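Structure incoming, see below.
Letters are used for the chains, namely A, B and C, taken in the order the chains are written, and counting of residues starts over at 1 for each.
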Amino acid sequence: MHPLTVFLADSSWINFDVTSFRQEFWDNTFNGLTFGAIYALIAMGYTLVYGVLRLINFAHSEVFIAGAYALVFTLSGLGFDGSVPGLSTLALIGDMLLACLVAMLASGAIAVLLERIAYRPLRRKGAPPLAFLITAIGVSFAIQYAIFIWRGASAEPAVILFVPKALFSAFGTNITNQQLIIFVAAIVLMLLIDQFIQRTRFGRGVRAVAQDPDTATLMGVNKERAIMLTFLLGGLLAGAAALFYVIKVPSGVVFNGGFTLGIKAFAAAVLGGIGNIRGAALGGLLIGLVGNYGQTLLGNAQWSDVIAFVVLVVVLMFRPTGILGESLGKARV
Amino acid sequence: MTSTDNTRKNTPGGIRARWNNLSRPQQWLALVPVVVLIYFIPVIDPPLLTTEPYTNFPIAMVHAAELAMVAIGLNVVVGQAGLLDLGYVGFFAVGAYVAALLTSKESMLHKLPYLATLPLAMVVTMLAGVLLGLPTLRLRGDYLAIVTLGFGEIVRLLATLVPALNGQVGFADVGHPPGTNADGSLIFSARDGTPWYWLVVTLIIILLLFVGNLERSRVGRAWVAIREDEDAAQIMGVPTFKFKLWAFAIGAAIGGLSGALVAGQTGFMNNQNFSVAFSVLYLAAVILGGSGNKVGVMVGAFIVSYIPDRFTNLSDRKYLIFGLFLVVLMIFRPQGLLGARQRLLARGRQAYQRLVGRGEQISSDSSVSAEGGGQA
Amino acid sequence: MTAERDADIAAEDIPAEHMSAETAQMTETERAAHFAEVAEVVAPDRDISVEFGDTLLEMRDVTMRFGGLVALDGVSFGIRRGEILGLIGPNGAGKTTCFNTMTGVYRPSAGQVLLEGNRLGRRKRYQITRLGIARTFQNIRLFGEMTALENVVVGADARHKTSVPGALLRLPRHHREEREVVERASALLEFVGIADRAAEKARNLPYGYQRRLEIARALATEPKLLCLDEPAAGFNPVEKNELMQLIRRIRDDGYTVLLIEHDMRLVMGVTDRIVVLEFGKKIAEGTPAEIRDDPAVIAAYLGVPDDGVA
């Protein structure tokens, strides 16, 4: 047999498992929406920074994972570990909020530091966009491997907050409290940020700098502060995402855990329309859904990663404006 | 003012000025002892430079040479044409797998002699580069970066997911050039780095000649024009898309060649060598040495490869170190160690002599530096 | 075609400190002969199907809309071969937009641009340059990393064909084209008067040199029509005079020039005809003398008095 045929015929890598897909459709949907909410929160960080600075903040994935580490340390300190905690609901909520706060602060701090130390000097010098990208990657890897040196290659021991409990049924499958909490909390956060950007003075400042930094400055907007605020907001959202992530994947905190998540979130931001906050939310949910479906359909968890990348590449090639976004990259002469 | 003021950066400026004053044949002559020395390094194993006993010195030198080749290829894409390719490791992988699939006994494809797989790897990778470039090269800088990153990751994931590529198990017993020693052992084996080193260095020299030819031609000028200001380049009549695609294709081919060489030299290939981290190391080599300067990036590659091999306690930290390097470099010395100073004219010397009275260019360095790389 | 050309770069036109090293050492007669040679090399060597005095480029009812904004509204005029045409108007009148539609940066929302009677259509920018329309930029856009000579060579490369295989293998065409581009670029540097700094990086050149380098680079593409976008911006009166001489030299060498400028003295002094735009519409067209006295033009620049009191 012609070797190439053998090569391609060994196509067990593409076997469409349609039965599983049908059976698990609604399960996947709700799970997908849950993960999607997490992606959306992280995606907002990317989209905010890109909208204001036209910069892909590669290091945002490390902003996220830093928050996750802070979260896990806090929870361990509070007594959580690999066994199901026997706390009252109130105590549990209190602990989660505390840990969430810590995570948000950690992520926010890293984000702002990042801006100050790595990006601002370049802005001051008027460096070309290439330089920003290179710095972004450098920071991303520096942080990742700093964590690697500090904590090693394996994930942090699992920290279980609560066991998912089915709350009610819909479409023939159960919806758990875990899914509901994450989804609702994430949506609330996104709405808050959206309103903040649309209605408050600070939010207006951010939008002004995004549209035209020089005019914004002339109108009295403190550009540096607006930029710092952008990074801070992205960081806060990433910190919250860290909490939800750990709830869903208690043993997922590892030095390079931010990377794939970050790429998926970035794909989400691009899909929804980079620079568009609502687009980030929409994109996140879509990526979560499609990733989950694909995983089941193709039978391997890593397919969700491939799908995210493929979506990213395809969207950028054929509709770089994304679903909701505006057209970028037009030549200005 | 037209400055022959070399007192500011005394040694580098002075040496450069003297170098530029030599004619091309004189420059080649001056390089001969250098080249001879380079060939003999693994044999000499100089005490200051040696990596023993931590790492076998010839092997360390082969690593450095292989990385230097990658750097040259990436330099064409990033340094010359200014296209930020974050998935360069994908091309490396394609080349490696071509060599592995066509020579390893564990692959089910028809076998070819190893040396034949080298040009084949280049051709296949070049095709991959063109296929990737066709839809993506009309994208602006940062989008292109992300798309290439995605491509690199897709290649890596496919290496895991496609059963015929053997995932983590990989392919052992990858081929090598023929030849046995007097005692019957193979000349080109995974244990003896020196013959491989000579092979890679020879290929590098050929590549340098070719890339140099391209630099001093319409092609090289087009690349720099694209890098400096793509819109202005188009308006000045440069067919930018075509030349960007060529940059991609050539960079890919060189990446593929180095992948095939690494596969042959280590005798083994699996899916563990293609993470984004490697792309970052490659980028660090190029930026550190001097983006746009083909000699500079080799120096950068040497440093990036040599330091972890020499100071093995640093080997674990190399990503951290080189990540930080990139950040610091971008702030304080974006042009890298050697800075880009290409000559873009095949007959520049005489022209400058007539016009200015001096055969060399007056310049200071920078390629990824500030001060408006593209005005307005 | 030397009958149509009337270029004699007088040696006095180029101040001694701007001359090339070689020229600075020549005698008067040698210099004169040398400059004549330079003018010969710089002159365009293309077949143009239109005679001198006939319409070379025509803007036919060109409209340009950006969303709700109408930047150009049914603009029509023609540029005659061999003339220097000025394009003036208050800020925001649409002059640069006009340029951009001619050079392919924008595609007209309506109407056509015709070169020698052929529509530019949807051609790519570099193709339009090869067809024969070249321009300079209002905000200088040189290739900063390249030397002055290299910048001009890139322009000269536009009409050549060497690509990767030719360059890689050093084929005869590569050698021939390299010789030609360097020769042409060197001549151009002398022609515009910046030869003494040929080896410097463009970003290090003084402002005046940069402006003229842009012109040299555009000329290197051997355009049928050269569009200059505010070439005198930031010049003092002496430099403006030198620029006027240069523009005349360019026209005398056989080129057609379209000029956007704000300096009225320069425009009146160097152009053959003028087109005036306001708010995207053409409001006047004619010789400098006619334009100077045109009430619509005066109103556009100075405003109309409310009640007759100026």
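Please note the rule applied: a residue touches a chain if its C-beta (ideal position, glycine included) is under 8 Å from a C-beta of that chain, and two chains touch if they have at least 3 such contacts.
Keep in mind the model is a prediction, meaning the values are calculated, not measured.
*Asks:* Let me spell it out: compute each chain's centre from its C-alpha atoms, then which one is farthest from chain C's centre?
*Replies:* The chain farthest from chain C, judged by C-alpha centres, is A.
*Asks:* Which one of the chains is closest to the middle, using the mean of its C-alpha atoms?
*Replies:* Smallest centre-to-centre distance to the global C-alpha mean: chain B.
*Asks:* Centroid of chain A to centroid of chain C, CA atoms only: how many Å?
*Replies:* Centre-to-centre distance between chain A and chain C: 51 Å.
*Asks:* Taking the mean of the C-alpha atoms as each chain's centre, how many Å separate chain A from chain B?
*Replies:* It comes to 33 Å between the two C-alpha centres.
*Asks:* Indicate the whole-number Å distance between the mean C-alpha point of chain B and the mean C-alpha point of chain C.
*Replies:* 41
*Asks:* Residues of chain C touching 2+ other chains?
*Replies:* Residues 105, 137 of chain C each touch two or more of the other chains.
*Asks:* Among the residues of chain A, which ones contact at least 2 other chains?
*Replies:* As it turns out, chain A has residues touching two or more other chains at 331, 333.
*Asks:* Could you list the positions in chain B whose residues touch two or more of the other chains?
*Replies:* Residues 231, 235, 371-374 of chain B each touch two or more of the other chains.
*Asks:* Could you list, by residue number, the parts of chain C that touch chain B in their complex?
*Replies:* Within the complex, chain C contacts chain B at residues 20-22, 103-105, 124-126, 129-130, 134-135, 137, 139-147, 149-150, 153-155, 157-160, 162-164, 166-170, 174-175, 177-179, 181-182, 185-186, 189-190, 195-201, 203-204, 217-218, 221.
*Asks:* Give the list of chain B residues in touch with chain C in this complex.
*Replies:* For chain B paired with chain C, touching residues are 2, 210, 213-214, 217-222, 224-225, 227-229, 231-240, 242, 246, 250, 340, 344-348, 351-358, 360-364, 366-367, 371-376.
*Asks:* For a test of understanding, state which residues of chain A touch chain B in their complex under the given definition.
*Replies:* The touching residues are 3-4, 6-7, 10, 12-13, 54-56, 118, 121-122, 125-135, 137-146, 148-149, 259, 263, 266, 270, 300, 302-303, 305-306, 309-310, 312-313, 316-317, 320, 328-329, 331, 333.
*Asks:* List the residues on chain B that touch chain A in their complex, please.
*Replies:* 82, 84, 86, 108-110, 135-136, 139-143, 145-147, 149-151, 153-154, 157-158, 160-164, 231, 235, 276-277, 280, 283-284, 287, 316-317, 319-320, 322-327, 330-331, 334, 368-374
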